[in-house]
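Across the two complexes that follow, chain A remains constant while its partner is chain B and subsequently chain C.
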Partner chain A sequence: MRPRKKGAAQHAIAVGWLVLIVSAALLAPWLPLPFPADSVDLNHIAQPPFLPPSVPDTSRHWLGTDGFGRDVLTALVYGARTALLVSLPAALFATVVGTFLGSAAGFWGNSGLRISIVYWLMGGLLLVGAVEIVSTAPSAWWLLLLSLAAAVIIGKSLMRVPMLRRSWPFPTDRLVLGAASLLSSVPRLVLILALAAVQDASLPGIFLLLTLTHWPEPAHLVRAELLRVRTLPYIESARAIGLSGGQILWRHALPNAWRTARTAFPLSLSALIGLETTLSFLGVGLPPEIPSWGRTLAAARLDPTAWWLALFPALALAATTLALRQLTTNKISA
Partner chain B sequence: MGRFLLYRLLRTIPATWAIVSFVFLLSRALPTNDLLGQALSDDSVGNRGLTAAEREAALLRIQERLGLTGPVFYFSCTHSTTGAVWQWHGSDNQYHKWLKKAVKGDLGQSYRSGQPVTAVLGEALRFTLPLTTSAALLATVLSVVLALWLVCGGPAFLLSMLYAIDALPLFVVALGLLLLLANPDILPLFPAYGMGQQTADNAPWHVQISTYLYYSTLPLASLVLVKLPSLVVQLYDALRHELGANYATTARAKGLSAYQVATRHALRNALLPVIALLTDLLPALVAGAVVVEVIFALPGMGRLMAEAAATHDFPVLVGGVLLMAIMRLIGLVVADTLYFLTDPRIRLQA
Partner chain C sequence: MRRLLWGLWLYTFLGLLSACNPQSSTSDAVRVRWVRDPESLNPLTIPNDIANQAVGLLYQNLLTVDNQKQEYVPWLAEKLPMVQHQDSLTLLTYRLRSAATWDNGQPIVAQDVAFTLKVMNSPGLPNEEARARFSFIQDVRLDSTDARQFTLVCQGRAPEYAYVSGEYPILPEYALDPQRQLRTIPLAALTQPTPVSLSKYPVLAAFVQRYNAANLDKSPMNLPGSGPYQLTAWRNGQALTFRRKTNWWADRLPVQQPQLLARPKQIDFQIIPDNATALLALRRGDIDIYPMVPANEFNRLRKSESGRQALRFYTADSYEMVLAGFNSSRVPLDDRLTRQALSYLFNIPALIKATQNGMAYPSVGLINPQEKAVYNDSLPLLTYAPQQAEVLLRQAGWARQSTGNWTRRLAGGQTQALELSITYRAGDAAFETIALQLRNAAARLGIPIQLRPTESTLLLGKLRAGNFDIYLRTLSGNPFAYDFSPLLHSASTGISNFTRFGTPTSDRLIKAIVREEDLGRKAQLLRKFQVILRTESPLVVLFFYRYRLVANRRLTNLRVSGLRPGYEVMAIEPLPEG
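For the complex of A and B:
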C-alpha cells in the first residue's frame, strides 16, 4: 500500500508543476508581471534577487535581473512560453510522423506492401509533374490536386489490363531505416547546428528542424512494437476475414502500438526542451530577442557572480524534465 | 571478423556521403552576396577607388579562390518567360569539384580566415580528441566500477543522484560546475578558461601534463557526469538481470562472493547491451564538446563548429560534419569489435 501512495504523491507533484508551467506560459501576457517581456531596466542591472528596488516607486525584481537589466522572473515565464511553443508542437509532430513511418516500416517490412505496376507508373508520373509544377508555377497547387485525382481515376481504369496488375514490393522498412540512419550519421546537435546556419533563425524554422531530426526515435520504438504485434493471432484473423493491409494497420495494429508512442512522448518532450534550451544557450536557431531559459543561462556565463541567473532557470528546467519523466514511469508501471 | 566489419562500414558510408552532400548543397543554395562583399572589402582595404570593371574582376577572383564559380550541381533549372529550362552541366560544377577534392583530402578554404579547412580542423582536433577520448574511457571505466559497486551493495542514493544529474542538459551541468568550482566568490579551484594559452612547448612533460589536467578537469568532469547516468543505469539493470539467472545461482552455491559472481560470471553477459550505448558515446561526446568548449572557452572542434555556424563559414562547417560522421564510423567499428570480443556467438555468425 505504501509505495503506491508515495508514487501517487510524486505523480501529483509532477502534474501540478506541469500545469503551473503550462498555465504560466499560456497566460503570460495577462499575468500581473511588473515588467513587460524583454524590457530593459537600466536602474537595476545585475541586481540580486529579493532585494527592494534602489529607486523608489518602482516594482521589485523578485528574482533579480541580468547584466542587461532584464527581469529574470519575466524571462522565466516567457521562456516557458517559448519552450512550450517550440518543443510541444515539435514533439507532437515528431511523434505523429515517427508513429506513421515506424508503423508502416514495422507492419509491412520490405515485402509486405505490394504496389501494382500501374500505381508505380502513376506515382512516377505524378512526381515528375509535381516537380514541373513547383518549378514553373508554385502558385498552381490546385493543378497538383487535379492531377492526383486524374492519376487515381486513370490508375483504376488501367487496373483492368491483366499485365499491369502485377505488383512489385515497396521497400518500406529499408527506406524508413535508411532515412533514420542518415539522420543519425551525425550527432543531432551538430546536425542542427549545421542546418540552423543555413536558414535564418525563426520559430517555425527551429520547429521544423527539431521535428526533422527527432522523428527517428518514436519511429524506432513503434516499429519494434509493430514487429511484435503483427505476429499476434488477432492480426492473423483480421487477415483471414479479408481486411486490407491498411485497414488492419490503422484500425487494429496501430491502437496497440500507439500506447508505446504515447508513453515515450513525455521523454521526447523533455529531450526537445533540453535541446531547445541548449540551442538558445549557444545562440543558434532562435532569434536573440526571444526569451528562453537557455538565453538566461547564457547571461550567467557572462557574469559568474550572478548565481541567480543560473540557479532559477536550471531549477525550472530540471523540475520540468523530472516531472515529465515521472509521468512516463507512472504510465509504465500502471 | 574482417568481413563483418567491412559489411557494417559499407552500409554506413553511403549515409555519411549523403548527409555531407546534403549540407554542402544546402550551404551553396544560400545567396553569397554578403560573403563576397565581405571578402572584397577584406581584399581591397588599401585601394579605395575601384572601377566597376575592377570590382567585377576582383569578385570573380575571390569566387574562383573559394570555389564558388560555375553551377552548383550536375543539373539546374532556370526560370524564364517561356517556363522552366532544365540544363545539364556535366562534371564542371561546384559539387563535383568539391567531392573530387574532398576524396583527396582537400576540403577547401575557410571563408573567414582563408586557411585550408583541414589545417583548421586538425588544429581544433588537437584539443578535442584527447578530451573526448579520455572522457569516453573514463565514463566507461567509471560506469563499470559504479555499477559493480551498486550491485555488491553500494548506497542506493547514488542511483537517485545519477537520475537527478540525468535530468539536466549538459550545458547546465557544465555551467553549474563552472559557477561552483571556478568562481572567485565560491571555490576558485579551477580556471574558468585559458586552455592552450599558457602551455609552453619547452616545459618539462610533468608540468605540461599537470597544466593540461588543471585546465581540462572541469570540461572532462562535465562530459563524464552527463554520460555516466545512462551507462550506469543500463549496466546496473543488466547486471541485476544476469544475477537472477541460474548460472549466477550456481556460482553463488559454489561459494563465490557477490563480487566474484558479478565480475567473473555476470559482467561479461551484462556488457552486451551497454556496448550498443558505447557506439554512440564517441559522437555524442564530440557533440557534447560543442557545448563544453563554448562554456570553458577551449579552442577545440566544438567551438569551431559553433562559430562556423554562427558566421556562415560553410567550408569549415561541412568539413566538421564530415569529421563527425567519420568519428561515428570509428565508434561503430570499435563497438563491433567489442561485441566480437565479448560474445563468441557473434563470432560464429560473422
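For the complex of A and C:
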C-alpha cells in the first residue's frame, strides 16, 4: 500500500506543478504582475530578490532583476508561456509526424506498400518540378499544388493502360530509417545551431526546427511497436477478410501503437523544453525580445554573482522536467 | 639505485630541454584579452579597432600618435612633413628615417610610399574606405637626389592634411611587386575621379590578381611589414600570437624614442568573447590586461582585497563613443522630425548609470565635451522626453490610430506604419540594454521596435548595404582632426556613412571644416555643424566611455590614455617574476 500512496503523492505534486505552469503561461497577460513582459527598469539593474525598491513609488522586484533591469518573476511567468508556445506544438507535431512515418515503416516494411508505375512516374516528375520551383522561383509554391492535382488526374486516366497499372514496392522502412539515421548522425544541438544560423530568429522558425529534428524518436518507438503488432493474429485475420493495408493500419494496428507514442509524449515535451531553454541560453532560435527561461539563465553569465538569475529559472526548468518524467513513469507503471 | 639515478638524469634533461624551448616564458609575454577576432589583418581594409591594433604591430605609418601627449609624432618619417601651398594645392614633403629597413635589409624608400598609395587607389582591391579617406592625395613627387624624400601633392588646403597624410601602413614594394612593374603607372592616373579600367593596365590587373591571391586577410605573414612584430600564430576565434623580431631596424638607433619602443618579446591576444570567462581568466592569471572591464566588475574588483593585491586599475576619459544611427534613406526615417522624435526616447542618464555604472559622460554630438574650444555647450543635452517625441511625430505627419500604433499617408495615397528595427552587435550587454530601453520607451508610445542582434562579421555588410532602420555602434574619435566626411558626407554613403545622410548644406560644411586653417573660424564651423547634427539627427551620440583597464601588477608603463585602445601594448614592461 505505501509505495502506491507515495507514487500517488508524487503524481499529484507533478500534476499540480504542471497545472500551475500551464495556468501561469495561459493567463500571463492577465496576471497582476508588477512589470510588463520584457520591460526594463534601469534604476534596478541586477537587483537581488526580495529587496525593497530603491526608488520610491515603484513596485518591488520580488525575485530580483537581471543585468538589463528585467524583472525575473515576470521573465519566469512569460518564459513558461514561451516554453509552452514553442515546445508543446513542436512535441505534438513531431509526435504526429513520427507516428505517421514510424507506423508506415513498421507496418509496410520495404515491400508491403506497392505503388503502380503511373504514380512512380508522376512522383518522379513532381519531385523534379519541386526542386526546380524551389531553386528558381520559391514564391511560386502554389504551382506545386496545381501540379499535384494535375498529377492525380493524369495518373487516374493513365491507370487505364494495363502496362502502367503494374506496381513496384515502395521502400518505406528504408527511407524512414535512412532519414531518421541521417538526422540522428549529427548531434541535435549542432544541427539546430547550424540551421538556426542560416535563418532569422522567430517563433515559427524554432517550432519548425524542433519538429524537424525531434520526429525520429517517436517514429522509432512506433515502428518497433508496429513490427510487433503486424504479426499478431488479428492483423492476419484482417488481411484474410480482404481489408486493404491502409484500412488495417489506421483502424486496427495504429490504435495499439498509439499508446506508446502517448506515453513517450511527456518525455518528448520535456526534452523539447530543455532544448528550447538551451537555444535561448545560447542566444539563438528565439528573438531576443521574447522572454524565456534560457535567456534569464544566460543573463547570469554577465554577472556571476547574481545567484538568483541561475537559481530561479533552473528550479522552474528542473521542476517541469521532473514533473513530465513523473507523468511518464506513472503511465508506464499503470 | 641505478634506476633512481637514471630517473633523476632524465628529469634534469627534460627540465633543461623545456628551458631551452624557443617559446618565450610567461614573464616575457604580455597576454591581452580581445573580445573578438580581428576578422582581417589586411592593411588595406582594417575593419575594426582590434584589427587596427594588430596591424600597428606589423606595419608602420609615416606618423603615429603619442597617446599621452595627444599629438602626432613621426614614426617611419624622420619628422612631421614640411607644408607648402601652391595655388589650390598643398605640398607635404616627408623624409623617411635613414635607419628604416625592411626585414630583408633593404632600405624603406619613397618608392615604397608611392607603391602604397598606388595600392590604396588601385581598382579591384578592397580599398574603398582608404580611397575615400585619402582621396585628397592626388600625386607623389619623388626626390631625384634623395631616395628617401618625397612630396605628397594634395588637393585643396586643410591643416589636418599634415597629419592624416601619414596615417596609412607603408607596404613593401619588394614583396608584392618584385619586378617593380607598378612604377610604370603614375599615381595621378589612379587618383582620377573617373575609375580606371584594369583592362587599360595589364600590369595592374596582374598585380591585383597577385594581391588578392596573397590572402592577406588571414595571412598577413605573406606581406612582411616594417613593424617590430610578426604574427606567428592565429588560431581562429582563440588567440593571435605576435613575436618580437630579433632584427628590427629601430633596435639599431643610437637613441631610443618612445614611439619606437617595442618591449614585450611576445604579445598574445586571447579572444574571450564572454565577460565572465575573461574575468575568470584575469583572476587566474591567464591574461595580463583586460581592457574595458564591465563597470560593475571593475568596481567590484577594485574594492576587493585580492583584486588590489594582484591587479592595477586605470581609468581615462576616452574619445570613444556609443551612438545610435538612423537610416535616413528608409521611408519612416527619411524626415528629420521623426528622427528627432526617436532621439528623445533614449534615456541617456539612466543608460550611463545602468550600462557603465556612471563611468561615461554625455555629449551634444560627435565632439567630446573635453574639447571645450569647439564643443557647442549652448546646445542642451538630450533628455528623455516621450511627450516631446509625440509632439514631433505629429508634426512629422504621423497620426496615432485607435490601436495605439502610428501611421501616415504617403504621397501616393498609401498608408505607412511606423514600425522599426534596431541592429547591433550580438553579445554586447550594453547595446542590448540600450536596445531594450529604446524598445520599451517606443512601445509605450505605440511604436513597435524589433531587436536584431547581429554577428559582428555580418553587421558591417548589413550597415553598408543599408539593411537596417536604427543601428548601435561604437566610434573612436580623436582630438586632432575633425573630418566628418567618412561618417556623414553623402560621398561616403555605402562605404562608411551608414546613416546615408547628406544634404548639400551639411556636405559643404563638412568640407569647409576640413579646409579651414584659422582655429577660431574652425571652431565656429564646428559649432554650427553640431547644431545641424542636432537638427537633422542622422545619429544620436549616447555617451563617451570612460576607459576602464585592469592589468596584472607585474606590468608597468602601460601609458594609459583616452585614445584607442587605451594603452600602448608595445611600451609595456613586464617585470621579472618573483
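We adopt the following convention: the second predicted complex is superposed on the first by the 294 of 334 C-alpha atoms of A that agree within 3 Å, B and C clash if a C-alpha of one lies under 4 Å from a C-alpha of the other, contacts with A are read in each partner's own complex, and residues count from 1 in each chain.
One rule holds in what follows: a residue touches a chain if its C-beta (ideal position, glycine included) is under 8 Å from a C-beta of that chain, and two chains touch if they have at least 3 such contacts.
What you see is a predicted model; the values in this text were computed from it and never measured.
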Pick one for A:Arg325: touches chain B only (first), chain C only (second), both, or neither.
-> first
Could you look at A:Ala310 and tell me whether it touches chain B, chain C, both or neither (first, second, both, neither)?
-> first
What is the contact status of A:Gly283 with respect to chain B (first) and chain C (second): first, second, both, or neither?
-> both
Give one of first, second, both or neither to describe whether A:Leu193 is in contact with chain B, with chain C, with both, or with none.
-> first
So, A:Ser181: does it touch chain B (first), chain C (second), both, or neither?
-> first
Give the label of whichever partner, chain B or chain C, reaches more residues of chain A.
-> B
Could you look at A:Phe68 and tell me whether it touches chain B, chain C, both or neither (first, second, both, neither)?
-> second
For A:Ile115, decide between first (touching chain B), second (touching chain C), both and neither.
-> neither
Touch check for A:Arg301: first (chain B), second (chain C), both, or neither?
-> both
For chain A, which residues belong to both interfaces, chain B and chain C?
-> 283, 301, 304-305
Name, in rising order, each residue of chain A that touches chain B in their complex.
-> 132, 135-136, 178, 181-183, 185-191, 193-198, 270, 274-275, 277-278, 281-284, 294, 297, 300-301, 304-305, 307, 310, 314, 317-318, 321-322, 325
Mind listing the chain C positions that touch chain A in their complex?
-> 274-276, 279, 294, 296, 300, 347, 350-351, 353-354, 426-427, 429, 432-433, 435-437, 439-440, 450-451, 453
Quick one: which bits of chain A touch chain C in the complex? Just the residue numbers, please.
-> 38-40, 42-43, 45-46, 67-70, 283, 287-289, 301-305
Quick one: in the complex, what on chain B touches chain A?
-> 12, 15-16, 18-19, 23, 26-27, 29-30, 77, 79, 83-84, 164, 167-172, 175-176, 178-179, 182-185, 192, 283-284, 286-288, 290-291, 294-295, 305-306, 308-310, 312, 314, 317-318, 320-321, 324-325, 328
